[in-house]
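One structure below.
Lettered A, B, C and D in written order, each chain numbered from 1.
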Amino acid sequence: MDVEHPRSTVRVGIVNVTGYAGAELARILSRHPNVEISSVSGRSAAGKKLGEVFPHLTHLDLSITAELGNVDFAFSALPHKESSVAIEPLLNAGVKVVDISADFRLKKAVLYQKWYNFSHPAPELLDEATYGLPELYRKSIAKARLVANPGCYPTGAILGLAPLLKADIIDSRIIIDSKSGISGAGRTLSMGTHYCETNEDVSAYALEGHRHLPEIEQELAQLSRGARLEVTFVPHLVPMTRGILTTSYASLNSHAGNVDIKALFRDFYKEEPFVRITDTPPHSKYTWSSNTCLIYPTVDERTNRVIVISTIDNLVKGAAGQAIQNMNIMLGLPETTGLEATAVYP
Amino acid sequence: MDVEHPRSTVRVGIVNVTGYAGAELARILSRHPNVEISSVSGRSAAGKKLGEVFPHLTHLDLSITAELGNVDFAFSALPHKESSVAIEPLLNAGVKVVDISADFRLKKAVLYQKWYNFSHPAPELLDEATYGLPELYRKSIAKARLVANPGCYPTGAILGLAPLLKADIIDSRIIIDSKSGISGAGRTLSMGTHYCETNEDVSAYALEGHRHLPEIEQELAQLSRGARLEVTFVPHLVPMTRGILTTSYASLNSHAGNVDIKALFRDFYKEEPFVRITDTPPHSKYTWSSNTCLIYPTVDERTNRVIVISTIDNLVKGAAGQAIQNMNIMLGLPETTGLEATAVYP
Amino acid sequence: MDVEHPRSTVRVGIVNVTGYAGAELARILSRHPNVEISSVSGRSAAGKKLGEVFPHLTHLDLSITAELGNVDFAFSALPHKESSVAIEPLLNAGVKVVDISADFRLKKAVLYQKWYNFSHPAPELLDEATYGLPELYRKSIAKARLVANPGCYPTGAILGLAPLLKADIIDSRIIIDSKSGISGAGRTLSMGTHYCETNEDVSAYALEGHRHLPEIEQELAQLSRGARLEVTFVPHLVPMTRGILTTSYASLNSHAGNVDIKALFRDFYKEEPFVRITDTPPHSKYTWSSNTCLIYPTVDERTNRVIVISTIDNLVKGAAGQAIQNMNIMLGLPETTGLEATAVYP
Amino acid sequence: MDVEHPRSTVRVGIVNVTGYAGAELARILSRHPNVEISSVSGRSAAGKKLGEVFPHLTHLDLSITAELGNVDFAFSALPHKESSVAIEPLLNAGVKVVDISADFRLKKAVLYQKWYNFSHPAPELLDEATYGLPELYRKSIAKARLVANPGCYPTGAILGLAPLLKADIIDSRIIIDSKSGISGAGRTLSMGTHYCETNEDVSAYALEGHRHLPEIEQELAQLSRGARLEVTFVPHLVPMTRGILTTSYASLNSHAGNVDIKALFRDFYKEEPFVRITDTPPHSKYTWSSNTCLIYPTVDERTNRVIVISTIDNLVKGAAGQAIQNMNIMLGLPETTGLEATAVYP
């Protein structure tokens, strides 16, 4: 029986380890007591040692291969579209998968055409895939073989708004203003991530509609039982490597009464190991390199608006950490395993 | 004759030159062709050379005195409350003044009690003082002997919203989400401006109500002919020295029709030397060290909301530069004199 | 039996937990399997929860007391002079101590008068105290009850030069040029650590002689068997929170022959868990939040000089991490316990 | 006569305006009273408005062309090798040129093969070209039709060492340790200038020999009348956009006697408008966006070494500003024209 003869460690693979999410998966998994990183793949870097691409991972002594070897569990950190193509054969081979890309987050295939400009290669899996926000979908995740890891912006935004929508105390017009560090843009070179162009600078982007918007809309609608919401989401880049801080605004509706907002949030998340309601507005830095989400809800009495500040490390709770949290749930492990690290500060 | 005996340049003084606004006044004024910095005062630094406090100003060869000497024109960069006390005798001596502090920005003395926690020492001057936003009050400024230089946040927020309110095309519920560099917090030491606490960090603050809110409310109300507005303003600190980028949100009202937002803004500011409407979302960096305000208005068609991005250098258009722009107007000089510098980039 | 009645964990105390070294001790110790943080003291913060001072440590649920409670082992993170006063009674009570301050690093009491400007209150302990650089003094540390944790600059500089001095292949004239992040200056407010003064800036300081110089000299002399060395050490501040990168220069002497510098270093550190010789010049970032020291030695053939780049996280291998490494040795625990974390990158 | 009929403004062209040096030339020249930017060329950006590439230059209303139009004076900001090819026809057409590239800095063609890996296309011009460091070559520059603008590292290093070598008071073994902001690496995308890879990081590079080394060697040798010097030069990257701070080390020789180092430097540079000897170690930030070079020389009495800290803005005195200083000299204009701007601080 499992209890007496604990199953040997889970062999885990990372598809496309050469981006920041891939490297962060390797970093965190390397300290996970129940798994062994048995295979990491890359494309242009195939044949190299992982430490050549990421010197901080030299001690893991892993080689990057073109294709993933035999594994029990896989993370895909491929770009969208490519990820779904790579995942299907893994699933068919009985490998459970957490997909870091956007490929299985949206339930309607048509949205991929609209927002990502491609025809989804595996639409039949969209229904099966579970949206990997454990705080909302823990039970489904436990039974899933394919989990769509949420986007970094949606993670913070949805966690910040969920208690309000569940309690049905805000109206349908919601504004989400996010400030992200530069690592959210990935490791691919671009003028927008060139040091001199982003240092000592703040800017808004994707005002015509960011690809995380349909994901946010889908999940907020789910939380409000299908009520038609009108969400504006504006992402900003700020000159730091890690962290997202999201400021969400909504008007309290007539059901709100004399609601104690902080108590509502504390109650909603009281069992959650990675969400903490703070007494003062949190700094993104308080979550640096940890899987924590900090939330500060407050009411602007003058305007009867609720303001929610939520913050995460975009590469951990916004990517690799949450993916591992999902893996833990899928494997029946304690959810916090390998994710107990305290934020590094200052 | 003037050619042979050119009228002597205007003798200008800076009260409390030892903060960042004071230093920036000295930097810009030192290249102004029509003025001479004839006196700079400080308190703890009295007796020192200005170059000892600010090495980049060594070449100005100025000495800091406890009290201002004889001047024709003065800038006060004192903290609030102290500033009004220092200004009254200057006005009585016939010196025109631009006050960088908040002391004459609000029209109602009672608001100083509420927001700044002091009883205004010169309430009789509140009516006389002109709010120094040239784009809105140029004519009054030209005749004023006392100009209240706007706060850094209000400058960007008001310029971003003025065309909408004047045209009466947005409803009364407005959200202003601002991201500021750290120099906005001044040169006084505090844990909130300690390098290690602010680097690699973003945070919201003053959620209970920032002191710039009543100033913003007063001016936006003025623009909307007294309509009751419900403004939420949330300032954030981002890890950079200079710059403020403000994202404002409001719903279009029924008067908006098929308004061409960009055309509206271009028309509104078509004569303005320091405001430019951009075709793409501006970066705060594009205004670095210049007196420019860049504005990008757009409509989120999905929600019928207008979003306005406005950005300035908080120490220039948000403080010293605007103060000198006001001085130019008060002295009958061309408004751009001494302020023609292009932003330094990257 | 141990399995059923596991030996109780070591009760550890941190004196003056409210600085960056103290906070970093708490962060790392909180994940150490063999210790329990049973007491943390502070002065001005006594009575507060640790999480009020350092929100990232809220989950530790510790209260700051004025005096340390009963502990088996203590770290002192007090400023110099105060530290030795606090340590003596601890030692007398049988508590082993690692001192993060400079108070027991120098062997000659007279040097404290010269460099730190105080008369050492416990000169009799100077001989007993062991300099806590495990790579050089592991055996003494294992037997010590008082370990003087090295300074951040000395740690990187000494590890970078030790193999050369031991092998006696460089001449006596050594230049050490260090570049440090701002956290090395601590959490105390000062103009030199004010965000706007240090951001986008690099500067040299302490050209008249930094307090870490006598410590470096003492240890380098020890390594060269008392040879008279002429060391110039210039520290610089660079705009980042953590990390020190040290570039050391010395001329090869006649014993050097055709020495393979990299092989020499690899051999010297071949058993060391926290020192790694790299094939390319290391970035300080590769050590971020880890206890690793990376070293890259090379010879400038044109001038017959050896150049050594060494880099550490100043708060970990340069302070708290090394202190815990020393504790592990003093307690007979595996040296890497609790210090296995991979650097966080990017 | 000139006084009554001032010669019309000089028509200036910038070849390859699309890099940071090109943009900085345009920024500074746009405020120069004696020149008009009449043509700017680029390659991939030909056909665009300059403001599309550099939004801060929108107001200049310039169009980028594939080839330079008719001009009286040209700056070439092309990469090495390409620059010399583009310059020859300009010279033949009677246009004076300042070359920002390395193509005419070295006197020996063979060094281009060795350090830059190309066969110099115009070796006959190497003798004619003047090295554009006005503090050393002002008279030759005044008569030159081709000036080779110094590299950013050499400018700071040579100015910091010139007084010592001229006075013949240091020995031949010199160490130059430089710390540069990221803009020195240009606007071309690379992993080494990707924000997340350089933020919160310091590193050394080019330890096998940086291309600025032969340039430094050539000029230092010139200053020491051909004495054979042994120079080690190690450049470092620090996380800031602009600025280079160089720390140079050399031993005083027997001629030094009781030399007053600061007086020596003050005397050497007493007529120089852009070099200032400081009383305390300068910060790179004190030169930000200005053409100033700050130098702090001191003697480490314990080791009889002289240490010189010199700092410049790499894009101004290290590139565009110095190029314009050279142009002023070549055109017989006051040397400081257009370069009077005070550093922007903080």
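We take it that a residue touches a chain if its C-beta (ideal position, glycine included) is under 8 Å from a C-beta of that chain, and two chains touch if they have at least 3 such contacts.
If you're wondering where the values come from, they're calculated on a predicted model, not measured in any experiment.
S.K.: Counting C-beta pairs in contact, does C-D beat A-C or the other way around?
M.R.: Higher C-beta contact count between the two pairs: C-D.
S.K.: Going by average Cα coordinates, which chain is farthest removed from chain A?
M.R.: Greatest centre separation from chain A goes to chain D.
S.K.: Could you grab the centroid distance between chain C and chain D? Build each centroid from C-alpha atoms only and quote it in angstrom.
M.R.: Using C-alpha averages as centres, the distance is 39 Å.
S.K.: Can you give the whole-Å distance between the Cα centres of chain B and chain C?
M.R.: 46
S.K.: Between chain A and chain C, what distance separates the C-alpha centroids? Give it in angstrom.
M.R.: 36
S.K.: Give me the residue numbers in chain B that touch at least two other chains, ranges are fine.
M.R.: 20, 183, 196, 199-200, 239-242, 282-283, 285, 288, 346
S.K.: Tell me, which parts of chain C touch chain D in their complex?
M.R.: My answer: residues 173, 175, 177, 179, 181, 196-197, 199-205, 207-209, 230-232, 234, 236, 238-243, 245, 247, 249, 251, 281-285, 288, 296, 298, 300, 302-305, 307, 309, 311, 346.
S.K.: Across the complex, what residues on chain C touch chain B?
M.R.: Checking each residue of chain C against chain B gives 20, 182-183, 187, 189-191, 193-196, 198-200, 239-241.
S.K.: Once bound in the complex, which stretches of chain D touch chain B?
M.R.: Within the complex, chain D touches chain B at residues 20, 23, 27, 30-31, 54-60, 183, 199-200, 241-242, 276, 278, 280, 282-283, 285-290, 340-346.
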